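The structure follows.
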Amino acid sequence: MKMLINVPETVVADALRGMAAAHPDLSVDVENRVVVRRDAPVAGKVGIVSGGGSGHEPLHGGFVGPGMLSAACPGEVFTSPVPDQMVRAAAAVDSGSGVLFVVKNYTGDVLNFDMAAELAEDEGIQVAKVLVHDDVAVTDSLFTAGRRGTGGTLFVEKIAGAAADEGMPLERVETIARQVSEASRSFGVALTAVSTPAKGSPTFDLPEGELELGIGIHGEPGRERRAMMTSREIADFAVAAILEDLQPRGPVLALVNGMGATPLLELYGFNAEVQRVLGERGVTVARTLVGNYVTSLDMAGCSVTLCEVDDDLLRLWDAPVSTPALRWGR
Amino acid sequence: MAEQESGQALDAAFFIRWLTACAAAVEREASRLTDLDAAIGDADHGSNLQRGFRAVAEVLAKDAPATPGAVLTLAGRQLISTVGGASGPLYGTLLRRTGKALGDAAEVDRAALADALGQGVAAVAQLGGAAKGDKTMLDALEPAVDALATSYEGAARAAEEGAVATTPLLARKGRASYLGERSIDHQDPGATSAALLVTTLAEIAGQAPAAGSGQ
Amino acid sequence: MKMLINVPETVVADALRGMAAAHPDLSVDVENRVVVRRDAPVAGKVGIVSGGGSGHEPLHGGFVGPGMLSAACPGEVFTSPVPDQMVRAAAAVDSGSGVLFVVKNYTGDVLNFDMAAELAEDEGIQVAKVLVHDDVAVTDSLFTAGRRGTGGTLFVEKIAGAAADEGMPLERVETIARQVSEASRSFGVALTAVSTPAKGSPTFDLPEGELELGIGIHGEPGRERRAMMTSREIADFAVAAILEDLQPRGPVLALVNGMGATPLLELYGFNAEVQRVLGERGVTVARTLVGNYVTSLDMAGCSVTLCEVDDDLLRLWDAPVSTPALRWGR
Amino acid sequence: MAEQESGQALDAAFFIRWLTACAAAVEREASRLTDLDAAIGDADHGSNLQRGFRAVAEVLAKDAPATPGAVLTLAGRQLISTVGGASGPLYGTLLRRTGKALGDAAEVDRAALADALGQGVAAVAQLGGAAKGDKTMLDALEPAVDALATSYEGAARAAEEGAVATTPLLARKGRASYLGERSIDHQDPGATSAALLVTTLAEIAGQAPAAGSGQ
């Protein structure tokens, strides 16, 4: 698999140098692998820190900025970052109002963020954590590592960032973030396997006429392989899987997300099918976001995330945000 | 327990040799570990350990602590600070807790090591919430610790067998658990690397220059 | 090649339905294939209309909104739209101040926009045209259809949109757009061939160890095939090709663009190399944009576009813009 | 010029039959045309003409104009409004200008058609700025028009030969020109489709139900 890289070993550092050059509003510490909004810490405001393996861009570094993340910690490709990065990020953004860690539910992320929280608290930083575990493809979650965190992360980071921006205290920001996390559900589909720089070839074999249903964002195979489906059938399947788990009474935010290599033309077409089936199922969509936001390197495929919102959450979603990848209002 | 002699005295240099040899072994086996991880995980286990053990070898070359406990604690901290993922905190905790259990003795014997490693493995089980049979590194580590009470070779054999025995298991922890039934029929990468570390321990103990009954 | 579609015939219509659902600020006429900003025509302001084949998303529909395009006309995949669409778009956005057509230099686009301009003028709409032809990979342009329009289109559309937004008259907007077009140069590289829905398989064969230098955005092979290169080597080659043609004296805008299937992680790393070589060559970069903006469906690869700017153009570049794909300021 | 009989009288129905047969021929050859375009263009020529000639057949089925000129003008307008790309305006102009040149005669003969088609082809050359030898549809159209003065079959043969003769040429117009030397050794898709339309004309003329010397 050909890649636009120098050598696998420097992929993350190279990308951080490129981010630094492109985004003067961010302060990028390439050596220590922390991306911080330049004006941090912001007096009187809770800091929002997230992070995870690289390869999911724009998540998380592309979501750093006013109204969303205060800092992000990029790990190696598909590998959770180390506690040192998280502690450094927390110290950089803590104004004394405390820091919220947004943690995607993977064993590595959870363990490293847990260690970091202990260390940060030792340094006198007040830390709260919220776990994102929105992927309904992981069933029997009592007998697994639990549901993975995927597209819901974007909703949690945006809304927690808006809550912090409004000056809410840590406890309240944490409560709201948890509310968003618990109200989010995702389902993903892969048309191709992913190739990591370290491996250099597809992580599994996915023949021409087949697709994987219920995939995550790390190139793992899904729960089930099937004969290739149409956009319409995939939308039916994905939305049904989500609604089996959560039947929203209120309106939802919808994220129609590409896994990295699916053209925007196809994603918009897929969105049309997602909106159709949501309409048929009586779900009201308050806002829709279409694009490659929570990706898996060069994987072709898509995911759908729904998040049930009330007026408060919708207001926080609509609040101004100014990051490389998500930007609106003011 | 120790129905046999507990063997040679293991000093700081022994543990530095072991961890340096682990770095070389990981270097050698990295792509196999990554391929195993590709099948039921995210294709990074080899490069994770490569990064971690390179850093361990480097720090031990630069700054060689004086006691076995300090060597292992430093190595564990280094893994935690450089690996990330699930295996970073888990292997890091294994070495750190083992090191702490060894205290500040200048030399330890096999029995003491087996005991300390037992505490390290228990800490891994607690941190990760996994038990034997969940298709994780514990499936190699737990039998290895038990067998280490008797001999290095036995520990290596037990670890190898434990790793191979993960193949038919359904994963209940870590990324492989997402696959459900599809995790069956693949050997667990973490159990495989754990066996590699224990095998390397037996090798280093076998060729140890210090006197002792060996095993 | 697997695609997230229903049938090839409805790809464009499906995408337009999905766009309509995602972007309430746009008025999307799915049947007639015109995307118009909802508040058009804006009194006293020149309308900016562009269009071209689909498959280059977010270009052009994703650039419709205040501060950029007034309307876009999406053709079939890789096929210029028809005059009817352009005339309809012009009529929808003309406030009496006239309309500027931004035309990428392809025979199809040029002929169809020319016909549309005649028809629109028959309807009493004042029309000006600017041609974008920035791709330095097309050499001997006297003996070809001329240089292709690629990444420079984004610069022209953004700056022309800002000029119109400031209330400048048509003639002045046209002059500025032409200035931007003439100051823009691009060079692109493909790591994989593209698969169109109609063909269903890659348009050409590009083996594992090779890449194409000097490609366009329609899946055509490039000028030259070589053994695979590193990110560093590609940046050296692309920037050298551009600077051979235009040695900017002033600062430049830089677009480091993905062709659709290249992960953002790789693009940022590539940007680091582009910035390095520009620094080495003494070129000052005023602003950098990194992302998948002018794409070629599922092609892996990248392009670099530079545009030499003066203070006026830089001010217009920085001016507020609010479209699905490009958004900043206000 | 017309050293031979100019043959059967061609009415509006003849041209509707021809264009309808063109739609069928394009349908049959679409993937070949797209494949030719994939090699040196953007892989859409087949689907472009498919879309266009389907629309032409549809509009002619619904609303059949009374004169050859009106049939061709309507078909040309329809191509312009539905095809896009380079071939849409070019083929659209070809039919429109040919139609206009035929005026409002109820019937025309081969000589008149050859003359009108000559004007259509000239308009294509002017619009696209291409000349014979540039590896475009003109390489089939120009020889076809010349030969049509003599016979339908001759025109078909000339168009076919012209299309085949584009293979060794270096493209100077259209997308294929971007490829420079690499455009050599591929047959031009537009010249191929042009030959298809002319061949279809000869077929329809050959099987024409109306009386006439045929050819």
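Residue numbering begins at 1 within each chain, and the chains themselves are lettered A, B, C and D in the order written.
Rule of thumb we're sticking to: a residue touches a chain if its C-beta (ideal position, glycine included) is under 8 Å from a C-beta of that chain, and two chains touch if they have at least 3 such contacts.
Predicted, not measured: the structure shown is a model, and the values here were computed from it.
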Field: Intersection of contact partners for chain A and chain D
entry: C
- prompt: Among the chains, which has its CA centre at the largest distance from chain C's?
  reply: B
Field: chain B and chain D: spacing of chain centres that average the CA atoms, whole Å
entry: 75
Statement: Per the C-alpha means, the centres of chain A and chain B lie apart by a whole-Å value of 32
Query: Distance from the CA centroid of chain A to that of chain C, rounded to the nearest Å?
result: 29
Task: Would you pick out the residues of chain A that each touch at least 2 other chains?
output: 77
- line: Two or more other chains are touched by the chain D residues none
Task: Work through the pairs of chains, note which ones touch, and then classify the graph as line, ring, star, complete or other.
output: line
- request: Could you please write down every pair of chains that are in touch?
  value: A-B, A-C, C-D
- request: Using the touch rule from the top, collect the residues of chain C that touch chain D in their complex.
  value: 8, 53, 75-84, 106-108, 111-112, 115, 137-140, 143-145, 148, 196, 198-199, 203-204, 216, 218-221, 223
Query: What residues on chain B touch chain A, complex-wise?
result: 34-35, 38-44, 46-48, 51, 80-90, 127-128, 171-175, 177-180, 182
Task: Using the touch rule from the top, collect the residues of chain A that touch chain C in their complex.
output: 1-7, 10-12, 14-19, 21-22, 54-55, 57-58, 62, 77, 191-192, 208-209, 211, 228, 230-232, 234, 256, 260-273, 275, 285, 288-290, 292, 295, 297-298, 300-302, 322, 327-328, 330
